[in-house]
Structure formats: structure tokens, C-alpha cells
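There are structures below to look over.
Each of the next two complexes has chain A plus one other chain: chain B in the first, chain C in the second.
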Partner chain A sequence: MEKNKIISIEHLTKRFPVGKGEFTALKDINLEFRKGEFAGLVGPSGSGKTTMLNIIGSLDSPSEGKAMVLGRSIADLSHQEAAALRNRHIGFIFQEYHLLPVYTVYENVEFSLLLQGMEASKRKKAVMEALEWVDLTDKVDSKPAKLSGGESQRVAIARAMVKRPEILLADEPSANLDAKNAHNILQLMKKLNQELETTFIFSTHDEKVMQYLDRIISLEDGKVVKDEKMKVEF
Partner chain B sequence: MLTFKLALKNLLGAGMRTWLNVAVLSLAYIVIIFYNGLIDGWNQQARHDSILWEYGQGQLWHQSYDPYDPFTLQEAHGTLPQSADSKALIPILITQGSIYPQGRMQSVQLKGIPPHQQLLALPTHSLDNTTHVMPALIGKRMANTTKLRKGDQVLIRWRDKNGTFDAREIVITEIFDSDVSSIDNGQVWLPLQGLQEMTGLQEQATLWVAGGGYQPTSLEHWKFQSQDALLANLDAVIQSKKASGFIIYTLLLGIALLAIFDTQVLSIFRRQKEIGTYMALGMTRLQVVGLFTLEGGANSLLATVVGSLYGVPLLLYLANTGFAMPAASDNYGLTIAERIYPVYSVGLILGTIALVVIAATLVSFLPSRKIAKMNPTLALKGKVQ
Partner chain C sequence: MIKFLFKGIWRDSSRSRLPILIVSIGVFLTIVMSAFMAGVMGDVVDMNARFSTGHVKVMTRAYADNEEQLPNDLAILGVDSLEKALETQYPHMQWVQRIRFGGLMDVPDEKGETRAQGPVSAMGIALIDTDDNKGSEGQLLSPEVQRLHIAESLKSGKIPQAPGEVLLSDAFAKKLDIQLGDAITFFGTTMYGSMTFKNFTVVGTVAFGSQALDRGGLIVDLQDAKQVLDMEDAAGELLGYFDNGLYDDESAQRIAQRFNQQYETTEDEFAPVMLRLKEQNQLASLIDYTERMSGIFVGIFVVAMSIVLWNTGLLGGLRRYSEFGVRLALGEAKGHIYRTLIYESVLIGIMGSVVGTLAGIGVAFWLQEKGLDFSGLMQNVSMMMPTVYRARITPETFFIGFIPGLFSMVLGQALSGIGVYQRDTAQLFKELEV
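Let's look at the complex of A and B:
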């Protein structure tokens, strides 16, 4: 594997069955992502952004072509191997936060580490550190229903980052937030990206998000139509 | 352990829905344990009383004797061979007769028993009477039916060994109170020697009740009925009661399990995004299936705790005070006490817990299997699959 190249996508095509026919969400995509990138997949609804994130996140697999993530072929992973990859190496942030409703903020953040079997003292330290990053140490015992949208998304960031993943996939993370909260969480993610060298890949059509991206990959009808570097490569 | 903790947390987090399921399930627990305890208590009491009052350690029947056919009594009597161990046996002679309380005629069985016997709990010492009137012993049911009281004199009629009718007065010297209706209804107990003289069947008996030291041997014209054989009818009745109880509590348990099943189906339908999130966070599909199955199964564990909170005091109270049986139940011909004291064995309690936990886990697993086929990306979107 070439140094710092952590995701490699070659001739990737993804089709979904629709009725008796098929819908092609991604067509012959070729992309690479390097460690520490702060990149975004942008494009209108139905352009294939979320499908691409799902494949990189091993939640879905390609119909054709190859998707290599951290040296592993997504198509060849068993359910257990894909789950382990997500648990240890990939963090997710969703538009609707997807916090577990019966757990407290602390427990939501702790969840991935519990699955990893991390010992209690290390786990507590890591959770509190993650909550400090997102400035939510005063909300450890709150349930998600008591949090604002901005706070919920910060908890989701802490939950995704607590395991120090190599890759963080954020699907429309600012869509449910007002401008101020959107900027706050983007600044936070940028900071974490710089400090921890985590590769962030966004799916977005939000101009506010695009301002922060170092690389913008434009998708249309399942094809890459533009791949721009906004800053000097890491 | 992690899955179990998560399941319990999810379950408690579901609030009222969980507590409704738990309430119904805990009620099922209590009903199953109480009903079976009641039947077991009845069984123990009935066996104990039947042995104490009627069966002893077994009975040696004349080969012609059939307790369900009174016509056999004419021939069913004899003497024991010399080889028989008669020290550990007490003889009972049975013959058909009639009694005339307040001028009404009623068919009875006249039973002769040695007044000094101590093997059965019958108060036969009251038959050891020196007056010229024949002493007689009857049970409370017989006394109730005939309106006879202690000290009353009444006419009885019988046939002797040659078939000739004879009659005489007897005096009721004692009325005994026993749960064993088969030694009470329609029966008059007389001194053995007196009945033998009345019938001309000196030294003869219809059956012999065995005591503790009796060793059954093969005897011509006599057949030994073991305790188990004599109690077989009672066991059959108990089993049929258990079977009818099984239907009742199966229905109750079925309602509780249906509620859990329903909750699980609804839960999987409503919590698709949560299922997708678990998978995105790194749980395997099987782990999520296990989580949801345990959530459903944990209803039964919570029901065990909740059920024990109100069930243990309630069941202990009933075990101490007993459960009053309907007034007429002792006239059904069954050995049944006025109050039954339920007996809750460890096997019954553990068996019931195991039954409910396994059943609840199974009905939780059935809908949870669907998760194993779920597409995580569709689950995250909350799309029905």
C-alpha cells in the first residue's frame, strides 16, 4: 500500500434493484484518500454520496469494482470482519445523530469501547477526553432527548472519535443544525482532524461545510465530475 | 455479559411497555406456582390421609373382592392360610346391609374391624363397648346424611351367610372426622367379632390391612394390593387436575408471551434506525439478534423479581393459612381436606422459572431473527424491510 493511502476505490459500480429493474447509484468510480484528508463528496440528492460513504464504511459492498479500506477489500469481508472494521477503525456521524435513546451521553460515547472490550479505567479516561473535546463534560448523565441539536451532534462526534478511528464518515452532519451550530461542529471536526490526523470524509451539499473542506469531490448521477484540492495536500 | 447489560438497560428504558409485560408475566408465574403447589399440597395430604385412614402399607384382598361391585361381597370373604403373617395385618369384613334412620331406608356397607387395632386412624376403641347394644362408628358425612348423632340408636338389617335377613339395633358410639370420604359415605363400622357373629362368618374377613412389618407373599385365594396400586386412582385424579390446570395457566402464559412477541415485533419495526446504529458502531448482526432476544427474555427475569416481591408473601400466606375448598367438595368421593395447604417444592419453583424464561426467550428470538437479514444502510434510514 502506498504510504498514507488508506482508501482506494477502483472502477466501483453499485446497483440497487428497483422493482424488476436496477438503479445504478455509482458508475465506475476511481478515487483515493490519504491519511488526514478533510474531504467531501458533494452533489445533489441521488448523486451517490451516501452510497459511497456506506461502501467505504463497510455497511454496503460494491456490485462491481474494488473498494480497499485500510488494506482490506470491502467486498471480501464477512459480516463479522466488517463489524470489527467499523468498530475499531471507522467512525460514523449521521444527519439525524442516531444517538441511542435510552443511554446517557456518557454511555452513548462509551458504547464502541464496550464492544471493543476495553478495560474500565481506560474506557472512562477515553470517554471523558472525548467529551472534553466536544465540551460536554457537564452533560454526561443527560439522555439524548434532553439535548439540543448542536449538543446531540457533538455527542455523535465524541462517540465517533472516542475510539480514535483512522477514518470518520460524516453524512450530512450539518443538515439539521442552524448556521452557528454548524460552524461550531465543523470547527471542532477540523481541529480533531488536525490534532489526531483522522481522515474525514463528508457527504454534503451544504455550502457551510464546503468552506472547511480541503478536497471537494463532486458527484453527479453516480459519477465523479470534479475532484478539487482546496489546499496543499497533507 | 455486555449484551445482557445492554438488553436490561434497553428494557428498563422502554418504561411502561416493559412493566406491562412484566406484570402479566409475573402473574403467570404466581398462578402456575400457586396452582401446582395447591395440587401438590392436595396430593400430599390425600396420600397421607388415605394411608393413615384406609390403606395402611397395602391391603390383602380376597380374590373375589371388587370394591366397585357390591355383589362380589356375598362371596368375597375367607380365612387366611396358616402361612400368612397375620400379626402385621388387621382384618376387615364387609357385607351389604340397610340402615333405617328416622324410618327411611338407606343402603350401607357394614364393615367389621377389630376395636383394638392401632394401624388405622379410625377411632375403633369406641367399638369396645360392654353394653348389650351393638356399638357402631360412622363418619361425619354419613352422620350428616342420616341425621344421626352420637348416642342415637338405629335399626340395621343384613343378610347372613345363608342369605337370610336379620335385623338389630345399633348405637352410634362415635362420629369420626376424616378427609377420606371412601371410609365414610354409606358405611357403618362395627366390631369385627360382632359382624362375624351376625353374618355367621366366624374368623373370616374380606380384606386385611397391612402394617409396616408385613412382607407380601403369595397366598392362595388372596391377592396383595400395594400402596401404589391402591393410590393409583387418587394419582389419576391428581394428574387430571394438573392437566386441567395446565390448560388454564397455558392460556395465561400464552397471553403474556403474546404480549412479549407483539412488543418484539413492534420494537424491531420501530427501532430500525437503532438497529442500523448498532451495526454502524460495530455490532455484528448476530450480536444485535442476541441483544433483542435477550431484551425479550429479560422480561421473564424482571417478572421473576417483580413476581417474587408480591408473590412470595402471598404464596407463603396461603401455604400457612391453607386454601379453603368448597363446602361440597368432600362429597365427590375424593380424598380432600376442608383446607388444602399448598406445597411449593424447589423443583416446582425452578421448573416454572425455567419454563417462563425459556418460553419468553423463544418468543423473543422468533421475531428477532429478522434482524439477521436486515440491510444496515436501509435500517439506518428506518426503511421497513
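Let's look at the complex of A and C:
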């Protein structure tokens, strides 16, 4: 694997069965992502952004072509291997936050570490550190229903980052937030990207997100139509 | 992880409330039914053992073949030496002679003329005992009096203390207007076929709670019975009871086999034969039938509860697809999610089973203490059955509910959880967007 190249996609095509026919969501995609990138997949609905994130996140596999993530071929992973890859190396952030409603903030963040079988004292340290990054140490015992949208998304970021993944996939993370909260969240993610060298890949069509990205990959009808590096200054 | 799952169940009442309620109801019904059946069967077996079958019973082969006719002409001769031999051979059992016989009972008026008359079914037992077995009020009580709960069944009068004193069933005494202290005359036949009669004094009336026993029963002392029936050193039946008072079919079978082996080669129709409790009064088929019915009953509960819980699990699962999607994204494997669903069902099954068991034992305890009186429905029942049915709490009562409780919950969840397994990971994840 070339140094710093953590995701490599070659001639990737993804088709879904629709009735008796097929729908091609991604067509012959070729992409590479390097460690520490803050990149975004942009495009209208149905352009294939989420499908691409699902394949990178080992939730789905290619119909044709190759998707290598951290040196592993997604198509060749078993269910367990794919789950282990997600558990240790890939974080997810969603538009709707999707916090587990019956658990507290602390327990939501703790969950993926529980899956790793991490011992309690290390787990506690890691969870509190993650909550410090998002400035929510005062909300450890709160339930998600008591949090604002911005706070919920910060918990989701802490939950994704607590295991210190190499890759973080964010699907429209600012779509449900007002402008101020969206900027706060994005600044937080940018900071984590720089401090922890985590590769962030967004799926978005939000202008607010785009201004933070240092690489924008435009998708249209399942094809990459533009892949450009951006110069971002804060 | 279990602690984590438990918190989820505890806090999300919509996930646990309905399944726990369903499991509790099923377990509750299973416990009550099981305890009630155990009580009923226990009472029937116990009553039969005490009054009729013993835990094992020795008769002559000919007597055994015609037992329902009470053929005392086919009784065991030399019964005292046989009893002694049995006491030596099986020291952990108590052996007692019984004579059951029938006849006519005549109630004379003050002039000696017949005032009332009726057929009587009599039982000769060792009523009068010289050993120092004292009852609660200090009177002498023979082991047979204790075994047949005669003191507890006494409706009026006292337990016979002297030869010639008898007990009469309370219903029979009322029917023939017999008062305590009245003389009665028994007419019957001796074991040799000649006519016999003897005067007795009624000193007490009893009600055993069984129509078969209470309809026309007379209880006389064994020696009186021997005298009137000319059965010196003879008895129709020799009953054996385990020392602890509890019937153990395996031991009874072993004892009966060993005893009967001694007489295998003889063709003598008066050779003794030993039958265990289950071989008499069609009790084996009754017990087997009850056990089968209990099994079917529990089986129906398991199937019905599993279907309901399956449905509940499906509805709950649909509501939780979003949660499953998040957990997949966080790196949980589908198999692990499925396993946690099973763990959850075990936790819910245990909780429901505990609640159902506690409630069931409460009601079973009430039924054990109070019982249900079916005497109105059993006026003409000839089988030896109690009229008041009670539940019986046994060690089994404390755990039997966990079988349907846990099994149905796990089965229901396992079936509903298959949906998680069958769905593609990406499809499950996609449900997040719904």
C-alpha cells in the first residue's frame, strides 16, 4: 500500500435490483483517499453519495471493481470481518444523529468500546476524553431526548471518535442543524481531523460543509464528474 | 454487555412491559395449573393409598382377580405369620391387615324392632391400639387411625376405644337417623359362607370428603371384623406403607417384583401376590393421563405464548431497526445483534417467569389452603376421590414455570430476530434513513 493511501477504489460499479431490472448507483468509480483528508462527496439526491459511503464503511460491497479500505478488500470481507473493521477503524456520523434513546450520553459513547471488549477503566478514560473533545462532560448522565440538536450531533461525533478511527464517514451531518451549530460542529470535526489525523469523508450538498472541505468530489448519476482540491483557511 | 442490555430492557418499558406481561400470565397459569393438578392427583393417590391400595398390597391371587367383589372367602390364611415375614423382609415399611366386607345394617328401636335398615360397606382396621400413640387430646390413636385421618374426619363422638364400638359415616347416620350410643346390628356372611350377625355401638360419625367412602361406610375394629366374619388369622388384604408416608413407584416396583418372584413357580391360586399402588384402581392410567394432560397443557402455553411473543418481537424489532442500523455502523456484527436479542429474551423470560411464579405460587398457596369444593358435582361418583380439591405446592412448582416462560420468550424472539439475519447489512443500515 502506497504510504498514506488508506482508501483505494478502482472501477467500482454498484447495482441494485429494482423489480425485475437493475439500478446502477455507481458507475466505474476510481478514487483514492489519503490519511488525514477532509473530503466530501457532493451531489444531488440519487447521485450515489450514500452508496459510496456504505461501501467504504463495509456496510455494502461492490458489484464490480475493487474497494480497498486500510488494505482490505471490502468484497472479500465476511460479515464478522466487516463488523470488526467498522468497530476498530471506521466511525459513522448521521444526519439524524441516531443516538440510542434509552442510554445516557456516556453509555452511547461507551457502546463501541464495549463491543471491543475494552476493560472498564480504559473505557471510562476514553469516553471522558471523547466527551471533553466535544465539550459535553457535564451531560454524561443526560438522555438524548434532553439534548439539543447541536449537542446530539456532538455526542454522535464523540461516539464515532472515541475509538480513534482512521476513517470517519459523515452522512449529511449538518442537515438538521442551524447555521451556528453547523459551523460549530464542522469546526470541531476539522480540529479533530487535524489533531488526530483522522480521514473525514462527508456526503453532503450543504454549502456550509463545503467551505470546510479540502477536497470536493462531485458525483452525478453515479459518476465522478469533478475531483478538486480546495484551499481552506481558518 | 449483559449489564448494558439489562439497562436497555429496564429503561425501555415498551420493549419489556408487554413480553414480561405475556410471559408472566403464561407462567402464572402454568404454575397454578401444575400445582392444582399435583394437588388433585396427590389427593386422589393419597386417598386411594390410605383407604384402599396401600403403597403395595398383598392378596391371594384369587382375591386379587375378584377384588371388586370383596371375596373374603378367598382371603389370606396365616396372615399373621405372613405379616411378620414381611416386617422382617421389608423393615422400612409398615404392614397392616385390612378386611373389607359388605352386608346389611339394621337399626332397632327401643323394643328391638327394625327402625331402619340399609346396605353397608364396612372396613375392618386396627382401630384399637395398645401401643402408646397419643392424639392431640391425649386419647390413644392407632397408626391406622392416624393414617386414615380419622381424628380429623370425626364429625361427632369419639374414636372407638373398646371392642364392639364402631364409627359410621356421618351422611349414613343422618340418613338412618342414628344417634351416638345407638346400637346397630350387622348381618353378613362369614368367610366360610355361613350367615353371621353382631351388635355394635355407634360411638362416632365421620366424613372423609369422598362420596365413595361417605355414602354408606362402617368402620369397625379389625378384631371385631375377624370375629364376626370368622376370619381368625385371616385377612382379605395386607397393605404396606413406606415409612415416610410418600409413594415411591420405583421402590414399590422393586419390592413387589422381589416378593412375587418367591411365588412365580407355584400354581396355587391362594398364593399371595403383591400389587403396587399404580397397578390398582386404574390409578396408573389416571396418573399417566394427568401427566399427559399437564404436558399438553404446558405445550399449548409454550406454542401460544411463542406465537404472541414472536409477533411482539416482530413489532418491537421493526421499531428497533434504526437501533440495529446504528449498532451495525458502530461495528456490531449481525450475529452479535441476534445473540443480544436472545440474551435480552432470556433476561425478559427470567423476569416474566419470576413475576409469574410469584403470582402463581400466591394463588396456588391460596388454593392449597382453601381448596375448591366440588361436592355438589360428585353426588354419584363411585370412585375414591376427594370432594374438595386443593393445589399442592411442591419443589417443582418453584421452577416449572421457567420452562414455558424462558422457552417461549427465547423461541418467540429467535423467530422474530431471524429478520435481522435475513436482511442485508446495507438494507438494515438503510432503515436508518426511513
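Methods note: the second predicted complex is superposed on the first by the 230 of 234 C-alpha atoms of A that agree within 3 Å, B and C clash if a C-alpha of one lies under 4 Å from a C-alpha of the other, contacts with A are read in each partner's own complex, and residues count from 1 in each chain.
By definition in this document, a residue touches a chain if its C-beta (ideal position, glycine included) is under 8 Å from a C-beta of that chain, and two chains touch if they have at least 3 such contacts.
It should be emphasised that the depicted structure is a prediction, and the values quoted were computed from it without experimental measurement.
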After the match on chain A, would you call chain B and chain C a fit or a clash?
clash
Contacts for A:57 in the overlay, against chain B (first) and chain C (second): which applies, first, second, both or neither?
both
Looking at the overlay, does A:80 come into contact with chain B only (first), chain C only (second), both, or neither?
both
Could you say whether A:123 touches chain B, chain C, both of them, or neither, answering first, second, both or neither?
neither
Partner chain in contact with A:111 - chain B first, chain C second, else both or neither:
both
Intersection of the chain A residues that touch chain B with those that touch chain C
50, 54, 57, 59-60, 79-80, 83-84, 86-88, 92, 94, 96, 98, 100-103, 107, 111-112, 114-116, 159
Can you list the chain C residues touching chain A in their complex?
1, 4, 7-8, 11-12, 322-323, 325-336, 424-426, 429, 432-433
Residue positions on chain A within touch of chain C in the complex are 50, 54, 57, 59-60, 79-80, 82-88, 90, 92, 94, 96, 98-103, 107, 111-112, 114-116, 159
Chain B contact footprint on chain A (complex, rising order):
50, 54, 57, 59-60, 79-80, 83-84, 86-88, 92, 94, 96, 98, 100-103, 107, 111-112, 114-116, 159
Given the complex, residues on chain B that touch chain A span 2, 9-10, 12-14, 273-274, 276-277, 279-287, 375-377, 380
